[in-house]
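Contents: one structure, followed by commentary.
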Amino acid sequence: MITITHYLVLSAILFTVGVIGVLIRRNAIIIFMCIELMLNAVNLSFVACAHYLNSMQGQLFVFFTMTVAAAEAAVGLAIIVAVFRNKETINIDDINIMKW
Amino acid sequence: MLNLVALILLFPLIGTVINGLAGKRLRKETVGYLACGAIGLSFLVSFMVFIGLLQLPPDERLFEKHLFRWIESGSFISAAALQVDPLSVVMILVITGVGFLIHLYSIGYMHHDKGYHRYFCYLNLFVFSMLLLVLSNNFLLMFIGWEAVGLCSYLLIGFWFEKKSASDAAKKAFVVNRVGDFGFALGIMLIFLTFHSIDFTEVFSAVSHGNFEKGSFTVTMITLLLFIGATGKSAQIPLYTWLPDAMEGPTPVSALIHAATMVTAGVYMIARCNALYLLSPFTMTVVASIGVITALFAASVGLVQNDIKRVLAYSTISQLGYMFLACGVGAFTAGVFHLMTHAFFKALLFLASGSVIHALSGEQDIRKMGGLKPHIPVTYKTFLIGTVAIAGIPPFAGFFSKDEILLEALVRGNFIYWSLGAFAALLTAFYMFRLLFMTFHGECRVDHHAMEHLHESPKNMTLPLVALAGLSFVGGFFGIPGANALEHFLAPVLGGHGHTEVRGAVSAGHHGAWLPYLMMVISTAIALVGIFLAYQMYIKKPGLSKKLAERFRLIHKLLLNKYYVDEIYDAIFINPTKKISTQVLWKVIDVRMIDGSVNGIAWLVGRIGSVLRHLQTGYIRNYAFYIVVGCILIIVLAVFGR
Amino acid sequence: MLAYLFYIVAAITVTTAVYLIFEKNPVFGALYLIQTMVSLAVLYILLEAQFVAAVQIIVYAGAIMVLFLFVIMLLNLDIGEETKNALPYQRIPAILMGIALFTIICIVIRSKLLQGKQDQYTTAFVQGVGNTKLIGNLLFTEYLLPFEITSILLFVAAIGAIMLAKRKL
Amino acid sequence: MTNVSIMTFNILSILPILILSGFGMIVLLVDVLSSRRLGEKNLLAYISLIGIILAAIFARSPAGTTLFSFNESFAIDNYSLFFNFIFLLSTGLTILISHSYIKREEINHGEYYALILFSTIGMMLMAAGADLLNIFIGLEVMSISIYILTGFKRSKLISNEASLKYFLLGAFATGFLLYGISLVYGSTGAINLKQIASFIASKGGISDPVLLMGMGLIIIGLGFKVASVPFHAWVPDVYEGAPTAITAFMSVGPKAAGFAAFLRILITAFGSAHDEWQKIIYILAILTMTTGNVIAIAQTNIKRMLAYSSIAHAGYLLIALVSANDMGVSGTLFYMLAYTFMNIGAFAIVIVLSRKGDEFIQINDYAGLGFKHPLLALAMTLFMFSMAGVPPTAGFVGKFYIFSAAIKSGYIGLAVIGVINSVISVYYYLRITVIMYMKEPTREFAPLTISPLIVAAIAISVIGTLHLGIFPSKVMEIAQQATLMLK
């Protein structure tokens, strides 16, 4: 029997994998993909909760999350492109003018 | 007539605004007389308010002028309201009266300065803030005045900021005062917590209804915190170090802010809160002890200083010590009385010393003066009156007030207070006459260059001197024993614990009625001894002082270096932090000095800042790491932290 | 049967996700992520969220990830892009932190099954109406405001993408 | 069963949002249709201002009650109204200070104004959102607009970098926020704040660790937006790199919106769990104030210094959040308004004094300003004093309310730390004044070209700062009425 806990643990695994990815990767696009992974983990948790609560709100929330993710992707990739134009790299360890 | 009280505040404010915004474009004369006029009008209104108050029966002499609702939220209400009662009237008369004379004097004194309009703008702003401080009817508004006078003092000490010593002195004054203000702010918070009000009337009536037992911890805390504020503003041990440095400011500023008015704010505040202080015998002891120790300490440092203004600065600290002694033994009237007379004669002394400095084209070292008496006769005469007044020779003003304090110290306090105070009085007479003799008598040690320009100051400078000399002469009669007008006037505020009943107790007690008169004789004798010693050392046998200095080299050196207090502060607070940071932090990371930091704590905080800023590495991944760490901590705290 | 399906799909999802964060080549990374998303879509179907599953594949795996791939190829990134590593010492603590985070989340999740308020949309009810129709209904009634605001959001995104990435304005 | 019921919604309740989005599009259209001459671009600023004024005129709320709209997901009350005014004020002031700035920096595109207006819509939705979905969508509309605005100087690497940092970290924090929302949803079955509250009340308080973790994660997501330590690290870099006018906007509008949502979520939904979250916010408040103030001392760039100062101010506001009584909420409203005036005022002066390409934004560049431009220096002094909390300015009264609120709720230690912090902050605010008045100029002050719009912005800020400092009671009364609605 698959319970909600299974889904939530799977969601937690994906979320933490995404978090680790953000912390250890240096390619801005891959970091962004890791963030997408985190959002997907959250979506899974929403859908699972909705299912076990006999509720629709979770699924609707996922719908909105995806819209937001799409908007973020458009803007985020545009920002990355703009950075690449000026700097010829998207390694975020090189993008470090401002500090202290 | 009492309704006019708001005008007292309005005039200086108008002066500030006009001079601040348009002063640059106005003619110098216009700027000066505008500023003077503002304070003069303020004085006239103050006088009318005084008359108005006199017409009321003594018990009803409390008038509150509600200006507007200021801060109001829930149970907390604080109106912007002014309070006119005998105590504040005495203060506003002194502030506007002495302030007016000093403004007048400044017109001549500052005439050649390029920051003329800036000076008068600040000075008017100061008067406004000081009036706000003494006229407010609640602690919060008073605190605002308290902060504002500190700010003006800062601006005026650093007026000649091109001099590094001046801007350093300004910073020092500001930082030291912040320490005191911090105590004051905490005290106000505690008052609000305890009394649920910050209104003077409400707080003091709650106290007088006896809701608090004598010596209760809360009241002791409140009074001690307020007293910390007072030690900062009024330059008492241990927060006095800024005042001698503050002499970097223009001399009229020293006269107005650092002698006559602002530094007495602490005394005013304690007198205002007398009901609270009387509830805490412990605080009273602290106040009296700090007062008398400061009086003696500063007087002893004053013995050997060679800068004419520094001698006066230490003398101010010492005289403030007397006022705190008076408050500490419960003789608030005597404290306020001395505050008033001190304002007259110390302002006079400063202005006269300014006149000397003016005459000598900026020379301040008394070893390079001497024999000036025939060249600047008016200055000499007025300075003499001031010196006699502070030394305590009857019938000049200082005699009555100081005698009063010493008497109260003996009767209400104990013999130790009296003897220390009396000894300080001896020193006062000595160093003041030393100053007088070295400046005006003996042989002339002025260099030729300055000699050529030697001249008596213009009319608008000598006029205030003469006026203040007159006040120093007659000021004592307001509080003359027997028919003590000041005391009767102040009685409604400072309560039945004025000294009438003491005198009653004294005459009924075992000391007998002769004690006050004996004390007068003793005081006079002490002053005369001091003068005689100074005369012997500096006029009769000019070599004697040098010989003495050699014989007691250690003490002389100790005094000359002001007991090494600044050095001790450096050694305890500043050097260790410096050492730690240079040896530990400097090598670890690149550090940036904060320009000429004056204060160990500020320095340390700045250093911590320059270390911590390196947490801001600029790497996104580091920032994300902080977020994750914070996230784990918050979840742990939220879930398991119960 | 469904349990096995869950375990298999879950295993694929986790594996591809882990591959994503260790893959050098961003193109492969994107492909792994697409695979993760597709597996998640399968799980959504298991959870009877058919509409979300479809959108997941069409919008997420289809549109958004294609945009990613498009940008990766536009920038023509090398595999050696990540040569500079300014924070090598952060790798181990980061993984440890991730594991700590996971452990805490698991402790919390396992401590209690969900006890939230049950709503009316039981499986039977939803099947009666149809998942997509129900979502459509809700979107245009109860969630009308956020739905409309979403249009502003997408509008902003479009403006932004043009503003930031267009070669010449 | 399947019939579509028309929900009760009040179109008037979202009128300001409609007006702003309409004007945003008008700006874009005018920009496209008009020729590319500079003179036409002036029009865009005026159109945006008209939109803001209209939105402010049509912002209404029923007196003394909360009106819910859109299936109880949108609340119109005095609270959201007050915040709407703060947002509109900050947007209006930003447009006033932007006008000459974006011309100078050659980023004078119509999209600039449109994005500012759209991000204001997001803020309004955050303040009025009564369920987590609306708050989330509002937050995203606001954030995405600002990501773009941050990178608006697209040819400048510094602006790109700021934008990338803000975007990546912002999206990362959004992940936490969403995860939190999903857990809260899972453990209560609701995303509506009132329903969450009634669920918690029916259980007699929070005992479910999943719900607590969800709450913690939401605090993280919003803590990021309001720049609370340790989620603050983006602030200095982004503030430094963003166009200065946008920095001014960012330090006020989004922060206010973050606090609006923060207060509404924590008090409305988790009001009965005050004990659980107050200790978290307590620690955050202390960390935030102290870190902000201490690091600010060591800064040499005025934009970075103001960034750290903005972190410190977030810390003061968190104090009000901890106390969570009427005075704390109204104190937050008041302080936010005061902060809007003083902070945008300060940034306006930074803009006036800087040159193309953000030259002259080192603190030492201000040496001697007091003699060259006395009025500007005076205004800057006023703003600095206000931020330091020196009476009689708005900042003093605001701090006073906040610390009193903490004391009233019994957090005396927190209030004392707050006071110590404001003492520390005096040091670096005063340093600017000292440098302006007490240092010889190190550079030539070229004659300034000051547009009337920016003068208006500075004048409004000065008047606002002084008015709130001297006559705060009227505004405070309004703020207090706004808090009544929240519970």
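Going by the order they are written in, the chains are A, B, C and D; count residues from 1 in each one.
Convention: contacts are C-beta pairs under 8 Å (C-beta built on N, C-alpha and C of every residue); 3 or more make two chains touch, one makes a residue touch a chain.
Chain identities (UniProt): A = NADH-quinone oxidoreductase subunit K; B = NADH-quinone oxidoreductase subunit L; C = NADH-quinone oxidoreductase subunit J; D = NADH-quinone oxidoreductase subunit N.
Bear in mind that the values here come from a model prediction, so they are computed numbers and not experimental data.
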Name the two chains that are joined by the greatest number of C-beta pairs in contact.
-> A-C
For which chain is the distance between its Cα centroid and the global protein Cα centroid smallest?
-> D
Taking each chain's mean CA coordinate, subunit B and subunit C are separated, in whole Å, by 69
Mean-CA-position distance for subunit B and subunit A (Å) = 64
Determine the centre-to-centre distance between subunit A and subunit D, using the mean Cα coordinates as centres, and give it in whole Å.
-> 26
Could you please state the distance in Å, as a whole number, between where the Cα atoms of subunit A are centred and where those of subunit C are centred?
-> 6
Among the residues of subunit C, pick out those that touch two or more other chains and give their numbers.
-> 86-87, 90, 94, 97-98, 101, 104-105, 108-109, 114, 116-119, 143, 146, 150, 153, 156-157, 160, 163-164
Residue numbers of subunit B (touch at least two other chains) | 613, 616, 618-622, 624-625, 628-629, 631, 635, 639
Specify, in ascending order, the residues of subunit D that touch 2 or more different other chains.
-> 133, 137, 140, 144, 147-148, 151, 154, 163-165, 168, 172, 185-186, 189-190, 209, 212-213, 236-237
Linking chains that touch, what shape results: line, ring, star, complete or other?
-> complete
Contact residues on subunit C for subunit B in the complex?
-> 86-87, 90, 93-94, 97-98, 100-101, 104-105, 108
Partner subunit A, residues of subunit D touching it in the complex = 133, 136-137, 140, 144, 147-148, 151, 154-158, 160-165, 167-168, 171-172, 174-175, 178-179, 181-183, 185-186, 189-191, 236-237, 240-241
The residues of subunit C that touch subunit A in their complex are 2-3, 6, 10, 13-14, 17-18, 20-21, 23, 26, 29-30, 33, 36-37, 40, 43-44, 46-49, 51-52, 55-56, 59-60, 63-64, 67-68, 71-72, 74-75, 77, 81-87, 90-91, 94-95, 97-99, 101-102, 105-106, 109-110, 113-114, 116-123, 125-126, 131, 134-135, 138-139, 143, 146, 150, 153-154, 156-158, 160-165
As the complex stands, subunit B meets subunit D at residues 20-21, 24, 68-74, 76, 80, 140, 143-144, 147-148, 151, 158, 161-162, 167, 171, 174, 178, 182, 185-186, 189, 192-193, 592, 594, 602, 605-606, 608-610, 612-613, 615-616, 618, 620, 622-624, 626-627, 629-631, 634-635, 637-639, 641-642
Report the residues of subunit D in contact with subunit B in the complex, numbered from low to high.
-> 164-165, 168-169, 172-173, 176, 209, 212-213, 215-217, 219-220, 223-224, 229-231, 233-234, 236-237, 276-277, 279-280, 283, 291, 294-300, 326-327, 330-331, 374-375, 378, 390-392, 396-397, 400-401, 403-404, 407-408, 412, 415-416, 419-420, 423-424, 426-427, 430, 434, 437-438, 440, 470-473, 476-477, 480
